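Shared between the two complexes below is chain A, which pairs with chain B and chain C, respectively.
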Partner chain A sequence: MTENVVEVRDLKINFTTYEGIMKVLDGVNLRIRKGEVLGLVGETGCGKTMTGRAIMRILPSNAIVVNGEINFEGKTELLKLKEDEMRNIRGKQISMIFQEPRRALHPTLNVGNQISEVYELHMKEEILKTALKEMDEYQGPFSNTIRGIYAGELEGKKPVLKKIFDRIPFLRGSLNEPKKGVLIDKSRKMLGMVQIPDPERVSEQYPHELSGGMMQRVLISIALACNPKLLIADEPTTSVDVTTQAKLLDLIMDLKKSYGGSILLITHNLAVVAETCDRVCVMYAGTIVEEAETGTLFNEPIHPYTKGLLAAIPIIGRKKELKSIPGFVPNFLNPPSGCRFHPRCNLAEEICSEKKPSLVEVEKGHFVACHKLLGGLDGDV
Partner chain B sequence: MVMSENILEVQNIKKYFPITGGFTRKKKGEIKAVDEVSFSIKRGETYGLVGETGCGKTTLGRTILRLIEPTSGEAYFYLSDQSGKSPNSGIEKKDASHSTRSRDDRFDIFKIGRRNLKRIRRYMQIVYQDPFSSLNPRMLIKDIVGEPLKIYKVAKGVDLLDRVTDLLERVGLTKDHLFRFPHEFSGGQRQRICIARAIALNPTFLVLDEPTSALDVSVQAQILKLLEDLQNDLGLTYLLITHDLSLVDHMADRVAVMYLGKLVEIASKEELFGNPLHPYTRALLSAVPIPEPERRYSKNVIFLKGEVPSPVNPPQGCHFHPRCPEITPMCKRAEIYEPKLEEYTPGHFVACTKYEKS
Partner chain C sequence: MEPRLKELRFNLYRIRNNPISLIGLGLIIFNIVIALIAPVIVPPNRPNPYKIPKIFSTEPLPPTSEHPFGTSGPSGYYDIFYGVVWGSRMSLRISFTVISAALAIGIIIGTIAGMCGGIIDEVLMRTTDVFFALPGLVLAMAVASVLGRTIMNLMGALIITWWPGFARLIRGEVLKIKQETYVEAARAVGADFFTVMFKHVLPNAIFPVIITASMNLGSIVMAAATLSFLGLGAEPGTAEWGAIISEGRNWMLQGAWWTTFFPGMAIFIYVLGWNLLGDAFRDILDPKLRRTIL
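== the complex of A and B ==
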């Protein structure tokens, strides 16, 4: 069996707002296996992004984790870590591509700095080692001193001399020159990896000078700077055009092959999922309603919501009448009792409004949360 | 060309936005948002207009309604009396139209004065892209939907309220929604309100500017269904502006593809999706993800080089040639001339040097 990179168990998150408590996540179960691409699909406001942010532990300040565990690599409980321990994982082991690149990038830092920032924070040793290796070519002053300081830093000594240097105006930063060179090289290499033409020039540019597709590439390169084990891609292609979308998806999949991590692809676009993912989880109003291999999910969907979603998308070259799901996405302040989908479901019966169905394995690898399939036996299985 | 079949004819329409700068607001350049576009829309059809962000499709949609003043060009809007709608009487009308067409049935949208413009505006309406910013947050729903009726003095008082209720019911809302504000509604409901407002005056022509891009798939399906029903019931003609090719495939009868301010291909839907000619159309079609996992590996995506150039300084000649995967020596020499939209097979127009008959 392949082991799981991240396992989310029965995660419940509430938001406290002025209007009351919003039950945004209501028992989410999710397993992301090593090396796979898992799609998380659902409509706006169903809690997809919150699931991703909960794994990263960057929830909004009014969110309260009521219940649940997030297990990373079978040993670390992410929700129990202290903030500084989490900081070591965030960006290094797990990183995220955000929805809107225009808002996710810092407007007054140039692209190169933003990429090397992550690397500088997490890969101190690598930077020192590479810097030492490249010291032979370094022509600036204090080369021996720098060599000594870097070697000391590698062994864990505190760089006292550097602190003194930093107090003296005309010497300030002079000991960091070789390190800076490594970082600049790294950021250019990362930009090259995401196929940005002319990385030297782009790394000096600011986000407002780039197009949406380019910014998204920069974000991808930031996320991949430390070779994370899990990449959470939150709607990476929503704000770009189809031609750019195709290019970006192709790029993400190529990079995945070369660095071999897992990807959690959060999206509302079922077509994107069909083209990229190995497995899919369908989310509705804060719960996972169906989980299956991509092929199984698209060809033999079981949950009425999944069926409804698939019937609602127009497909090129397929004449069909679109079927819409009646009603609206429920309000989280006062969600429907029992199965949250029951007010919109055409199969709903009494039990649906009374009891919440749990995720049950119907066949191997195909999980569904619905009472109707099990003849109301759910819970005793 | 048979005139009376068309509801709208657009010829060589141009819209350049000036770029001004400096203290004196001197004109520094122009954004060529729409550059010499010609097309015509038949009565009762759904005309799809596709293109990527920033290619000028929204500007084109607004210019033909004269919500934006055009730089140059001509647009004619044809009004028909009710009898003109049935196909049998349409033939009679066609014979008569050339000789006895009264000045009132054909309107030159860009030249008529304010009073006449107001007269025809009631027949051409628009549904905007973003339902969150196109409804006045301080007006009640009854005022929003009733405003066109009030302006054209169609109804007043209790009668007005009845009309508004009818309209709301037609788009799937109820009487209870009359005295509410826009913020109380979800995206899908807001778009329904926008549609109710647009059909309030029984228009014949409706511009749908990305009607579902802000909505979820399940709600999108509801809105599309509604639009189809309205078209059947009221005999509407749609200009559907969108970036979503699958939406065009679902809704449209004919499709025009736009790239950087120009139309590159016009064809019937079946022809365009079955036999796309222009390299840009082909790249666009290949890039659309298909929600069928089996087709994942059988598909060849054509990747375009680089990004869309700026419309301030579009490439010389064919606007697409720097990114074109099928570039020929002809295209490189295209500094001299631009490929014009020409009929390649009947009803299929394409603007590409490859298909020029010369």
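== the complex of A and C ==
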């Protein structure tokens, strides 16, 4: 039994809006194992991104966590952490790649600075040590003073001299010079890791000067800067073309191999899932409806929603008409009773509108939440 | 660095090729030069150079070679030329002091309100609304009349009137920027509240406020002159354009046109200069309009 990096248990999240309370997540259960790639698929607006954000705890201000637990590495309860403890986890232990790279990069800071920010936040000690080591060979104005200040900072003190230096523009620059050198080196190395050609030049550039694929690479390098244990990739390839998409996915998977973390891949692209994921969770209207190994899910789907999703993939050469699932994702203000899928399900019976089905293990590692599974012989629920 | 230099060069090119901005710039530079060399043009009155030296006289004298702009009264007769020249120094002082103080207050309050949200936002913004509820000039008059007639109090009254606009503007921008994905991304890499505020939100939210502030430099002097004209600003006999006009209006109907004409022209040139420059800047910095020519 491999350990779980993150385990989400019965997570319920509500949004308070002017129209009323939206039940966006309705009891999500999710396990991400060490070293695996878990796909989270579903239609637009079914709560995939919210699940990812809940793990990072960067929910919108009107979101309320009603119920549930998010367990990190079997010991830390993420939802109970204080904000500053959570900050140490974000970016260092768990990080996130956002949907639209164009909007996820700071428009007026150059790329190098944006990557160094992560190092500055999470690897301060290492940076200071490297800077001190480098300064041994270098003698310049104030270098002894700066060495003293850095050493003081390493011991966790806030030297008085640093406070004074920080106030005076010219001195502030020279104080941060050695540290900055290390940061820039590190961020260039990171840009090289994500296969950006000419990292020296790119680290000086601003986001608007880069292409979409390049920006996504920069975002990946920011997310992986501190070798996180879990990477949440929220539709990382939606805004780029197919060739770039393939390259980016290859890159993410390669990097994953080298640093050995887990990935939660949020997407609505089933082809991407088939290509990359070890296991898949299918989400519908705020609940997980089916969870299985990728092969099992694609070959023997059980839940009617999963079947519908798979039937809606266009395949070149197929003569049959493309089927779509009738209807839309329901309104979260007034979701259907019982199983949230029942108004769109052609197998629905009376019980479906009355009781919410729970996730049942049909075979090893294959969970389904449906009253009709195994031909309606659902004794557990 | 290189793209910024290119940008700067492009902006300078636009300024050079825009006649309106050149006129505005010319008027402002003229004013600044006068203010700088004021002690050379007319020797300052000691100890307070902003107090116009008194002349023994019983009525305003028309412009002569000795008094190029004539003299005015009646609070002890004085040379208008001295007042106009030293008034330009006073105007620059008033507009920059008021704008920077109002900007500082507005940015601090607006940013805190926008970033914190909730009850803090509510309290700060309702306080701002209280200042907005009164017409600007009326509020400034009330404050100035309570504080008394000195230049410092005049500036204080204008600061109190001016900051709510900036606070509201920056709060709106902060609220907008706060929604951006890159701010969320910054939180997602573990940046704390202050890093997010100073490094990610403020630098992107501050530009509209800075532009508005620079465009308001002219109207500040207008408001200051209005207060002085109404007898609530600078004391009579101070080298402040509004104060000189205020005294001159008694003589104007008796044919002493110079008592109001010269200080009035000074205000006109100053305000026109800043407004033309502000308009030109708005056009030049507007990314939607700017590239059409090249």
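As a convention for this text, the second predicted complex is superposed on the first by the 362 of 381 C-alpha atoms of A that agree within 3 Å, B and C clash if a C-alpha of one lies under 4 Å from a C-alpha of the other, contacts with A are read in each partner's own complex, and residues count from 1 in each chain.
By our rule, a contact is a pair of C-beta atoms (placed from the backbone, for glycine too) under 8 Å apart; a residue touches a chain by one contact, two chains touch by 3 or more.
Being a predicted model, the structure only gives us computed values, none of them experimental.
Chemist: Could you say whether A:150 touches chain B, chain C, both of them, or neither, answering first, second, both or neither?
Modeler: So A:150 meets neither chain B nor chain C here.
Chemist: Once the two complexes are aligned on chain A, which partner has more residues of chain A within touching range, chain B or chain C?
Modeler: Per-residue touch count on chain A favours B.
Chemist: Determine, under the contact definition given at the top, whether A:58 touches first (chain B), second (chain C), both, or neither.
Modeler: After superposition on chain A, A:58 lies in contact with chain C alone.
Chemist: So, A:96: does it touch chain B (first), chain C (second), both, or neither?
Modeler: second
Chemist: Touching A:323, do we find chain B (first), chain C (second), both, or neither?
Modeler: A:323: touches chain B, not chain C.
Chemist: Does the superposition put A:118 against chain B (first), chain C (second), both, or neither?
Modeler: So A:118 only meets chain C here.
Chemist: Under the contact rule defined above, give the chain A residues that sit at the interface with chain B and also at the interface with chain C.
Modeler: Comparing the two interfaces on chain A, one with chain B and one with chain C, no residues are shared.
Chemist: Under the stated contact criterion, what part of chain C meets chain A in this complex?
Modeler: Listed in rising order, the residues are 3, 117, 180-182, 184-192, 195, 199-200, 203-204.
Chemist: Along chain B, where are the residues that touch chain A in the complex?
Modeler: 52-53, 186-189, 216-222, 224-225, 243, 245-247, 249-250, 273, 283-294, 296, 301, 303-304, 306-307
Chemist: So in the complex, the part of chain A that touches chain B is made up of which residues?
Modeler: Against chain B, chain A makes touches at 43-44, 197, 211-214, 241-247, 249-250, 268-275, 294-295, 298-299, 308-317, 322-325, 328-329.
Chemist: Give the list of chain A residues in touch with chain C in this complex.
Modeler: Touch list, chain A to chain C: 56, 58, 61, 84, 87-92, 95-96, 98-100, 103-109, 117-118, 121-122, 206, 219, 222-223.
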